[in-house]
Structures are given as structure tokens and as C-alpha cells.
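Chains: A, B, C, D and E, in written order; residue numbering restarts at 1 for each.
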Amino acid sequence: MLKVDNIVTRYGTIEALKGLSLEACEGEVTCLLGPNGAGKTTTLFTIAGILKAHSGSITFEKDNLTNLSAPGIVRKGVALVPENRLIFPQMSVEENLVAGAFARPRKDSPAIDADLEGIYERFPRLKERSTQPGGTLSGGEQQMLAIGRALMARPKIMMMDEPSLGLAPIIVEEIFDIIRLLNKEGVSILLVEQNARMALKVAHRVYLLEGGKVTFNGNPQEMQQDEVIQRAYLGAGSV
Amino acid sequence: MIRRGTEKMKRVTRLVSTVVLAATVAMPLAASAADRSVKVLGWGAKSGPLKSFGVNSEAALRSAIAQINAAGGVKLGDGSSAPLEVISYEDSACKKDQNIAILRKTTSTTDAIVGMGATCSGSCQAMFGVLQKKVGDSSDSGVQMPILSDTCIRPGLAKISEWAFRNVPNEVAMYDKLFAWLRSENPDVKTFSGGTETDQGHSFITHTAIIVQAAVRHGFEWVGPSVPELGPKVKQGMKELQAAAKTQHWLMGDTNYSVQARKIKKQNPDMILVSSHPFSACGFLKEMKRQKVKPKLLVGLTSSASQETLNGCMSAAEGLIIPTGFAPITPEAVSANEIVSEAGGFLDLHSAAAWENAYLVKAAVEKAGISANSDTVAEDRRKFRDALASISESAGLIGPVTRDGATGEASKPYVYVQVVNGEWKVIHDPR
Amino acid sequence: MLEVKSLSKHFGGVQAVRELDLAVNAGDIFGVIGPNGSGKSTLVNLISGVFPATTGEIHFQGQSLSNLSPHARVRAGVARTFQNIRLFPGLTVWQNLWVARNSTEDTRAEGISFRWFRKSGPVKNEIDAMLEFSGLADKGDELASNLAFGEQRRLELARAAATKPRLLLLDEPAAGMNQEEVRDLGRRIRELRQQGMTIILIEHVMELVMGITDRIVVLNFGSKIAEGEPAAIRKDKSVQEAYLGQSEDG
Amino acid sequence: MDYFLNLVNTIGIHTLLGLSAYILLLTGQLSLAQAGFFAVGAYTAAVLTVILGWGILPAIGLAMLITGLLAFLVGFPALRVRGLMLVVATLAFGEFVRMFFYNFRWRVTQEGVEVGPDGTMGFSEIRYFAEHGWTSWEVTSLIWVFVILVMAIIWWADQTRSGAVLRAVGEDELAAGTVGIDVTVVKMAAMTAGGVIAGLAGSLYAHQITMLDHHAFTVLLATFAIAYPILGGVSNVFGTLVAVIFIQGLLVEGLRFLGDWRMLLFGALIIVVMNVKPRGLFDSQTLRWIKSVLRLHLSRRIS
Amino acid sequence: MDDFWFEFVEVTQSIGDGVLFGSTYALIGIGFTLIFGAMGKLNVAYAAAAMAGAYSSLAIYILFDAPLVVIFIVSAICAAILGYLVYLTCFRFIPVHNHLAALMASVGGLFFIDEVIVHATRGSPLAFPSMFSEAYFEVGPYGIRGDLLFVFFIGLISTGVLLYVLFRTRLGLATRAVAQQDVAARLCGMSIHLTNSTTFAVAGLLGGIAGAMTAAAVGILSPVMILPLTIKGLIVTVIGGLGSIPGAIIAGLFVGGFENVVMYFRGIDERDMYVVALLFIFLVFRPNGLFGKTITRD
């Protein structure tokens, strides 16, 4: 469904991605693991069009995304829930959600309204706070809002960058429940997660990134059997 | 190897550009080595809000010099004739440091025997300050360069240095006679009031120390708090300024004059003095018109007797009376006016002085008998200065100009003009 | 060592910390956990003096901190790190540590002496040790902004330690780290404790908190809901409800 | 020669003005008050030499002292705010000083002539150099001794821990506070030092230009003061000097032959430079290039 | 008693005039604040572009003798185009986080626009047609200038339209979104450059109206107005609280009234000193201005 082929992305003269390839299949949860600085966020930003790939290609379904701008990519049905959520802090919850549907054509507005109701149904807490500025929400609520905002674009594939970052364990559970549910409803998901144990539970396919390249890929079972990965990501008990 | 080659090329390019730059700076120096001519260098504000001053003066100066050269140029000390040459007319943007830079540039890198120009009074004041104060005073390391200025109208500036000369109207005499005449013509006008822009030194000092005092002296009655009787001498003392500070004040770039206009309306004077440059004068006049303040007489600042005032507020300025050192009333003035207009400038009291200065330079050069060789520049400048100081009368566009060699100041003929039907009309000619 | 008495902080209408009492013993690694928005970061900001408390008292080694500005608290021996790393990005790694190092001592001589004096002497030794500790020995002349994320975190920790604090406040130091890095961080924190620092650790990564702390306090809505040893906290019902959840993975 | 020395003097004075803003920029403060300090220094020194008959060096010294003190006092309220607010607050201070001298009169009679500052009429005939027979060379030397001294001190400070502390405050005030730097003291010190240097520049300016009035100390001058270090880049003091030479030497004087088109070009060139080199002419990229060129020269000489 | 009554009328009249005239300050202030709100940057060239808009419309008036309504529209459109050009030259290609470079570039823009005007007009003041300049309503002891009233209402209407656009339209949503979180805005499908240039154009639109209004109220246009207007605009922006539109409006009207009443009592020499002092008081006691944002949580 989403195919990234041999992309190179640079910050100035530093190469962050050095020929990275991966594929996310329809209806699956694809998970990217890797140490800090491996290029996970860069990968998502390059797919979303925030960063430009220096070479290589990105295709989604039949479209070539490589040279599209961020708005164009959203319109194709690829949404990103960014790291740290990046809520619009002074806009109300409802405005945040409506902003998510910005890329959809104006004539869609009845559908957009319906989707808004849908989001509220899914996240009743957002409905309670619909007039509150986004910045006043708690971390978990902000994460829900960020997910809701991305859903408003009606994405076919949703990329999520560390959705559990800085959240209490109990909220992390909740977020992963949401991911599972979304996936069940047919949204493909490309997940970047530091919390490998949780991630492996929902993933269908796992990529391990190191130094801007994929060094391992396989299904979660294969992953769990790998010694190195065991030690680095799954932790053998105490600290 | 390749890398080294490009490095070398880069360095060569940089060297060449440095040389080109140095050459452009030194260009006047090189150009002056041509045929023998009497060189002058002019400058004025050619950028910034006062651009029109410099443009008009340049057009007038160049036109007059072209006319002189067409008639055979000037006679030198050895009896031969040489043309006058304007080396360049520089832009000083009315900035003190730039005026001084140009002065020093003229002095040290050109063969010009006289510098002509500078626009704003404050800049002139700074520039005159770097000149040698007394000629021949070896303890004074000031610049030795004759300056002949056409603007710089603030009273008493040329006395700063013996190298400084001006050809500007004597405002004390001009306004004194104006109010004497107004007094006799308008017996029903009794009270007066007025205002000025305080951030412009010339407007402020002229208003306070000259115009108001002259009006009081000729029996007009100040409606505001009383102004003490003062002599005709221009003094810049504190007390006098404070006394006159009860007039209305505004700033050159102001946009709102409602309070000032209403205060004057309240005073309801017969005559109103608007001592201000065109922009703020127009703003104030428009506000007065709006508030329906209609004095019997309206008197303005010399510097506003220009095209700018008409551009800015033709109808509101209707009736404004201003004494000026120039109006196209003589055949010479009319023809000069046409020539300068063709050259792309307006002839007004300032640029007319620039025109007259060209002829004054001719007279002084011929009197000094300079040799105009590149190795006698310093000597020529001194001779020229002395000759200029000794000229007690020169020809002006509307009549002879008397000169005071000791102070470097001129006493020019003047006329009174008034805005009538949107044009300047001469209403009285006291010559 | 550190005593917090009925500390409260309002932001407009929001009460971030309410009537909080805490006591931290010298030499402890003291954990603070709680859901997002429970006032943990505010607590760090209040102790380090980033903003003043609305009411309440903070005593450190018998001295009241309430009226001290942030830099004075550092001199009194309280240092901190930030949740979002705040280095001096335009300075080199060396300078980042240099600036922090001597601030509690007399720095006049160094203030006017040339940079190359640093090539030898006690200053160099101390900062080199610091670099060694944070695993940045070969990056002394890099600009801080050019470091990778993990290195920046380590540098920030080293910078805080360079002020030679008695009390070190760590605000989510493990955020965004993988298991290996978390273990590594745990080692460094223990090492700092061995150097005589008392540490307050705010963290969501339970492996770290449960693994290295001596005591834990749990906050919710700005109030303390539980306090005790890690094992006890893990079993606490109210903590599970508000924070940990039922899962054993946490 | 006289002309070039004059230009060199102007460059020197503006370099000092730029450096006074440079110090503040290091601590992250964008100050438009430098024109105000410059004016205070100019008027103070001129009053001392003209009215009180002091020598030039003591006059400059006291002028620096007074502007330093003033900067210190102004620093307290002004540094309560930061960023854009500080820009406007310091702009307000600069305008306040200008309005002060606009209303400031102190006339005394000396040898039958009235001298001294005269409000909107300005303060003319500050002819210390000419009256004492200083040649252009001597004036230039005096100015440049100060310029080199100040540049050397700032350059030196930048190599020490103090310089690193200044920059640390500029990078992140909050973080600086939490590593034990007294941010207020550092900022006040920078403000005071900036004031002293601006006062020095002003006192030299007064005697170089011979006439002061409020027109010279507008926002425009303040803008120039910050423009130099921004254009030159804050990586080191030489950037400021290069920027002054670029503006005063090249744009103002060097392009004089362009007449009134020069000022048009002036604005356009600033825009171009900021677009091409947003971190200043002397950014790290240029520095690296210069270093590589120097190294090339050295290596060639060795081989 | 009569004296008191007279004085009272004069003072209130001064305040009233000032407040009405203050609407031009308010519009300039809104322009500054709008751009600051959207980009967190100061566009110093803003007032200059606004006046340039007024100049362009004056050219239309002189060349085609266009009706007055057209002049206002042309001024707004020209200033909008200029605003866009200023964005393109001074902001578009400068790195987002380099505030100093952008500030400096816009200073260059100010010089450039200023000098272009001088070049085109020789710096000479030009008469600007004024709407209702003859209308002068006398209400009891008070006189109200028709043109100022007109200026005031235009100001109110443009503010209303602006607020509507900002809070009720897609464009406004995008503007606010980009201002608050640019990466997220891009992820939502908003184009930063498109939004920013639109913001500059809209601010320019307002500036053009303000420029034409100021020129109409004074009756003349001159390049000497640009710098004072820029400074007043900045003061208004800061007093109102950076980024706050209602703040800019209220501060604009307030500063207009305040300076006129100081003018009445203390005269021009001290007027600007008091305005500056007012700014200082605000900075000391209310550093965030009238409607500035309060400190948010870390």
C-alpha cells in the first residue's frame, strides 16, 4: 500500500536516511523500532512531505508521493500524528478537529460535520471539552485530540510517531486500545514506538532502523526471538 | 590542482574588484587632470525627504554654468579664458557626516576651488564647523576650502568660519519690511497669532526670533501671552525663546493638527503666522480651513514660497503671503526660470541663489586672477576666498545683491508673493 | 534534606499543585510519578525557582529557598534538567560544561583568563572527567546543537552535575529512550548518587522508577495520593487506578 | 588623504557603536537604546570640552562613565521585558533621550560669544580638534586607538569564561539561570558595557562632526547600531567591523558616483545580504572558508 | 465656572479628535500585530508599504481622476500587493527561526520603499483628496470632523471584517493554525507560505486603508510621515499586547486620545515624551500589554 524505496534525506550536509526502504501493507499495523537518531521521525516526516527526500521514491497505492507537498500528501489519504502531539494550543478542541479536515474539499462539509460527531462519539472526553483551548488539555487528552485531528482527514493510512511518549502507563494502555480499534476498522497504521513491548503486541510487521537504514524486518514473533533486539528493546528485567 | 586553480581565480577576481572599487573612489582625482578649467563641486540633498532642494539647486547651478561657458567662460589670472566645470553634484542626503565627508573629499581629492551647496541648516552648521575659523590662523587645523551656499538659511551661519559664504536672504530685514508694509496696508488688522514646527531649527528660530518680533515691533498685537519687546538683533538666548514658546508648535512629520488649530481659532486673531516647511504648513493650513479659521492675513516662512506648497495644498494656502528672494519679475529671472525648468528643476528662492552663485563664482574668479593649474589649487582657493570676501555687490536675478565680506553673508533684494488662485503672485515689490 | 510544606501553585484558574508536603532524605533517589498534568513538572519548577509558589514553603538543608532566584538556588546546591532538553545550542560541549562548572566557586580568575588556559590544570581535569562520565570525551569541541538526541540528554545531565549540586532534579530524563539507553541512564544516576547527590526523579518509564528509586511519591491533580517504597506503590490500588493501570507490563 | 582619514574615522566611530550593540546581542538583547547612549556621550563630552574647557581625554572618560551609569539605571526597567518588547522599550528610551536634548539648553558666554547646547537649534562649534591644531592623522589615531582597544577587549573576553557566560545567557536565559548564572547581573553588565562603548563612540563623534542636534540621534542611528552586528554576524567582533566597512565604506561612500540611486540600492542590498547570508556576512561558513584559505597560504609557504 | 466649562469642552473635544484620529494608529497597529501573531516576527516595512499603497492610489487619482471610493480600494489593493512583495523579499527565504535577519531585512525594506517614494515624488508633499473634508458637524459646543468620522467608521468596519475572516473562515483557521503550530498545520494540509503570504496581503490591505485614511485626514502625503507612523504603530502594538487585535484597536484609540490631551495641556515638545513614558509604564506594570498572553505552563 505504502512503499518507500531507497530514500535518502539530508539535514544540511548530514544524511539522516541513507537509502531506506520499507513497505506498509493494507489493513496492517507496521511498526518502526530503533534507537534515538536512527531516523524514525525523519522517515515519517519524509513520507508526510515535511522533509524532502533527496533521492529515492515513495509510492502510495498508485500515486507517487515523492515530489508532492505536505498538503498534497494529506489529500492522498496519508495522515501523521506527530511526536509530542503538536496541538494548536490556543484553538479550541473543536477548531483543532476542524483544522484536521482542512485538506478536504469545501463541498464535503456535511461529511465533515458527520465525522466530527463520529470523533466525539469515539472520544467522549473531547466532546466535553470541545470549547476549551487545546493547550489546556492533559497529555492523554491531547494525544486523543491529535489522533482525532488526523482522523478528520479520513486517512487510508495513519502514521503515528511515539503516541505513548510522556504518558502515564494507564493512558498508554488506552492509546494502544485505540490503535487496535482503528486498525480493526480498516485504517492501516505505520507506528513509531519506543515502547517496544506494547508495540509488538499490536504490530503485524516490524522494521528495525539503525543509522538511517533498515537492519531487520519481520513479524513480531521473529523479532522477539532475536537476541540483540531482546536486550536493546524488550529489556531483560531490572534497570 | 583544480581546486587550487579556482582558488587563484577567486583571488584574482577579488583583487580586480578591489582595484575597480578604489578606482571609482579616486575617479574625480583622475578626471581633474584634463584640460585647464575652473573647477567647482556641488552637493545637496538628492535623496531623502528634501530631495527636491538638491535637484532644483543642481539644475540651476548647472544651467547657469552652461550659460556662462557658452558666453566664453571665465578669465584667468594670465588673461586666458577657461570654462567653469562642475566636477560633480553629490548627494549629501542632508546628513552632517556626509556633508563633512563630501567637503573633505572635495578638499583633498579634487582641484575644485569652491564647494557649492549643502542643503539643511544643521548640516551646514556642522560643515562650517570643520572649516578653519580664521583665515591664516596656523594654530587652527580646520579645513581650508571656500564654501558658497545657496540654502542653509538659518540666521548667522556664515560667521562660523571665514571660509564660509552664503547667498541667502536676510530674513531680519525681509520680515521687518514686510510687517511695516502690512501695517500700512491693513490698518484694520490688529491682533496676530501663529505657530511653527519646533524640530526644524530654521523654522523655529526664524519664527521666534525674527517673525514674531518683527510683527510686534510694527504694532501688531500678540493675542497670546505677551512677548517682551526685543531689539532687531537675532539672539538665540533662552529667555526670548521661552517667551515666544507660547505659540502653537508642531513637528515636521505630524499628522494631526486639530488641537493647535482649535487653540488659534479660540484666540481669533486677525493675522496668523505659519512658520513651517511645506508639508506641515499644508497640514496646518488644511486643518485651519476645516475648522473654518479665516484670518484676514496669513504670513508664511520663506522656505515655503515654493512649488511644494502649491503641490501640497493649493486651495488651503490661498492668501498666504511670503517674502522671498526670488520671483520671475525681471527679464533675467524669467529667462533663467525657463532654462532651469527645461533642465528639470524649479527655480525658487533657494535654487535661484544657486543660479546667482554661478555668476558670483565667475566674478570672484576673475577678480582673484587665479591660475587654475593643478599645482596651485591651495593658492587659488585662498585667492578665491579673499576675492569673494572683497566683493561687496553682485548681480542677482531680481536685482543687485550686496555682500558683507566680514561675515560672508548677503543682503538680497526680495519681493512679497501671495498665493492667488493657486499660483504665486507678486503682490508688492519693495526694491 | 529537602522539605516541602503545604506548597500550592495556581496558574490563572488552574491549580497545578495543591497543599503538597514532601520530605526527601539525603542520599535518596526519590521518584515522583503521576498522570500527565498531575503537577510533577510544576513541582520541579517550584523547587528550582523557575516560578514562585503561590503559597507554601520549601526548605533545603534547613535553609528556606522561597525567596531565592533560580541561580541562587543552584549556588545553594539545587540543580535540574528539563523535560525538553535545554542546552546552549550555540556553545560547544566543552563550553556548556565550563559555563556550569565553576559557578558555585570563585570564578574570577577564569573569567578573565584565556580560553587556552583550559588546556591544562584543575579546570581541564574536572571537565574532562565530566565528559568521560557522559561518554562525550571525543566531542568536546562539537557544538551542542550538533549532538544526537541521546548525547544531548547526557550532556544536560552532565551540565547539571557540573554545578556540583547536593540535590539534582531530573525531569523525565528517560523520555524517548530505548531500553538500553534507559539502563545506561540508570547507571549514571546511581553513579551520581554515589558522588553524594540526592536525586529527585520524575519519570513515566516504570522500569527506571521502580528499578532505582528508594522512595516514590505519586501525584494526582496536584496532590499526593500515595507515598512509599516502589514495591508498595506498585501494589497500591489507588495508584493503579489513577496511573499504572491493571496491566503487569508497566 | 584628508577624505580617506575622515572616512576611516567614521568607520571607527560606527564600529564602536556597532560593538556596543554587539555586546548586548551576545546576551540575546536587541537594543535600540544605543543611539540614546551615543547622544548622551556626545553631548556630555562636548559640554566638557566646550563649556568647561576640559581636555579631550578626561572629557571622553567622564562621558563614558556617565553613559555607563545611565545604561545601568535604564537597564533595570528595560530588562524586565524581552524580545520584541525590549526592542520597543529601548526604542522608547532612545526617543526619550532625543526629546530631552531637543529641549536641552545650556548657553554660556565665552569671549563674547554664546556657546553650548541650544535645544532644537543644536550645539555647534565643538572645535576642540581644530582649535588645538590636531592634524587629521592625529584625530584618526586617537579614534582608532580606542577602536582597537575596545575590539581587543571584547575579543579577549570572548575567549574567556565570561564570554561563554554572556553567550550562554543569550542562548537560553532559563537554562543559564539553572546552571547558576545570575542572568540579571550578566544582562546588566552587558547593558552597562554597551552604554560605556556607545558613550565613547558618541564623545568621539561630537568632536569629529563639530555640531550636534537631535536629528542625528533618531531611530535611524539606532537601527544602524544593531544592523552592523547583525549584518556582520555575532560569531566575532570582526564581523561588525566588516559590516561597518560594507555600509559606510562601500554603500554610503563607495557608491557615491551613483548619486541619488545610491540610497535606493542601500535598502535593496541589505535585503539581498540578509537573504543570502541570514547569519551575517561573517557566519561560520565564511569563517571556515577564510580559515581554509589561510591554511592554504601557510601550507604553501611551508612547502 | 464658565472657564471651567469652556476648558472641559476643549479637553473633551481634543480627546474626541484624538480618538477618532487614533483609528489610523489602530489599523497600523493591527497590521503589525497580525503579522507578529502569524509569524512571531516584526515587519518594520509595514507602515512604509501602507503609505506606498496610498501613493499608488494617488497616482491613480491624478492619472484617471478616479472617484474617491476607488482610491481607497486601489490603495488597499496596492498595499496588499506590496505587503506580499515584502513577504517575498524579506521573510519568505529567510530561515524561520532567524528573527534578527528577518527584522533587518524588513528594515532594508523600509529604507527601500521610503526611497522609492522619494525618488518618484522628489520628496515633495502632494495633496491627497479627502472625503467629506467639508463636512463639519457641530453638536452643541463640539465640532466633529466628517472625514475623521468616516475614517473611524472605515476603521471599525475593516476591523470587523478582519475579525470575521480570522475566526469564521477557513483562511482564518489556517492563519491561526500556522501561527500556533506550523508543522501540525502542514500535516493538516495547510501550506505555510500560502497562509503567510495571505496574512501579509491581508495586513497590507488594512495598511493600505490606513495609509489612505491618514493621507485623507491630513490632506497631504509626504515621505516624512512614514517614520513617525511606524513608531506610533509599534507603540500601539506593544501597549495593546503583541498579537492581540482587540488590544491594538483599543490601544490605537487610546494613544490617539492620550497624545491629543497631552498636546492640549503640555504642547508638542512634550507630547511624544509622555507617549513614550506611557509605554514605559505599561512595560513596567503590564509587560504583556493590555491583552497580552499570560505565562503559560511549561
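Everything that follows uses one rule, which is that a residue touches a chain if its C-beta (ideal position, glycine included) is under 8 Å from a C-beta of that chain, and two chains touch if they have at least 3 such contacts.
Small disclaimer: the values here were computed from a predicted structure and weren't measured.
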Intersection of contact partners for chain B and chain E: D
Minimal step count in the chain contact network, chain A to chain C: 1
Greatest separation from chain C - chain, by CA centre: B
Whole-Å gap separating chain B and chain C, where each centre is the average of the chain's CA atoms: 71
Distance from the mean Cα position of chain D to that of chain A, given in whole angstrom: 52
Separation of chain C from chain D, taking each centre as the mean of its C-alpha atoms, in whole Å: 42
Sequence positions of chain C contacting 2 or more other chains: 14, 50, 83
Chain B, residues touching no fewer than two other chains: 47-48, 51, 198
Overlap residues in chain D, where contacts from two or more other chains coincide: 102, 260, 263-264
For the chain E and chain B complex, residues of the former touching the latter: 10, 13-14, 17-18, 21, 24, 115, 118-119, 122-127, 133, 136, 143, 145, 147, 214, 217-220, 222-225, 227-229, 256, 260, 263-264, 267-269, 272
Chain A partner contacts - residues on chain C that touch it in the complex: 14, 33-37, 83, 148-150, 172, 175-183, 186, 204, 206-208, 211-212, 240-245, 247, 249-250
Touching residues on chain A, where the partner in the complex is chain E: 48-50, 69-71, 74-75, 79-80, 82, 86-91, 95, 98-100, 102-103, 106, 135, 149-150, 153
Residue ranges of chain D in contact with chain C within the complex: 156-157, 159-162, 164-165, 167-168, 170-172, 174-184
Touching residues on chain E, where the partner in the complex is chain D: 36, 42, 89-90, 93-95, 98, 100-105, 107-116, 118-119, 227, 231, 234-235, 237-238, 242, 269-270, 272-273, 276-277, 279-280, 283-284, 287
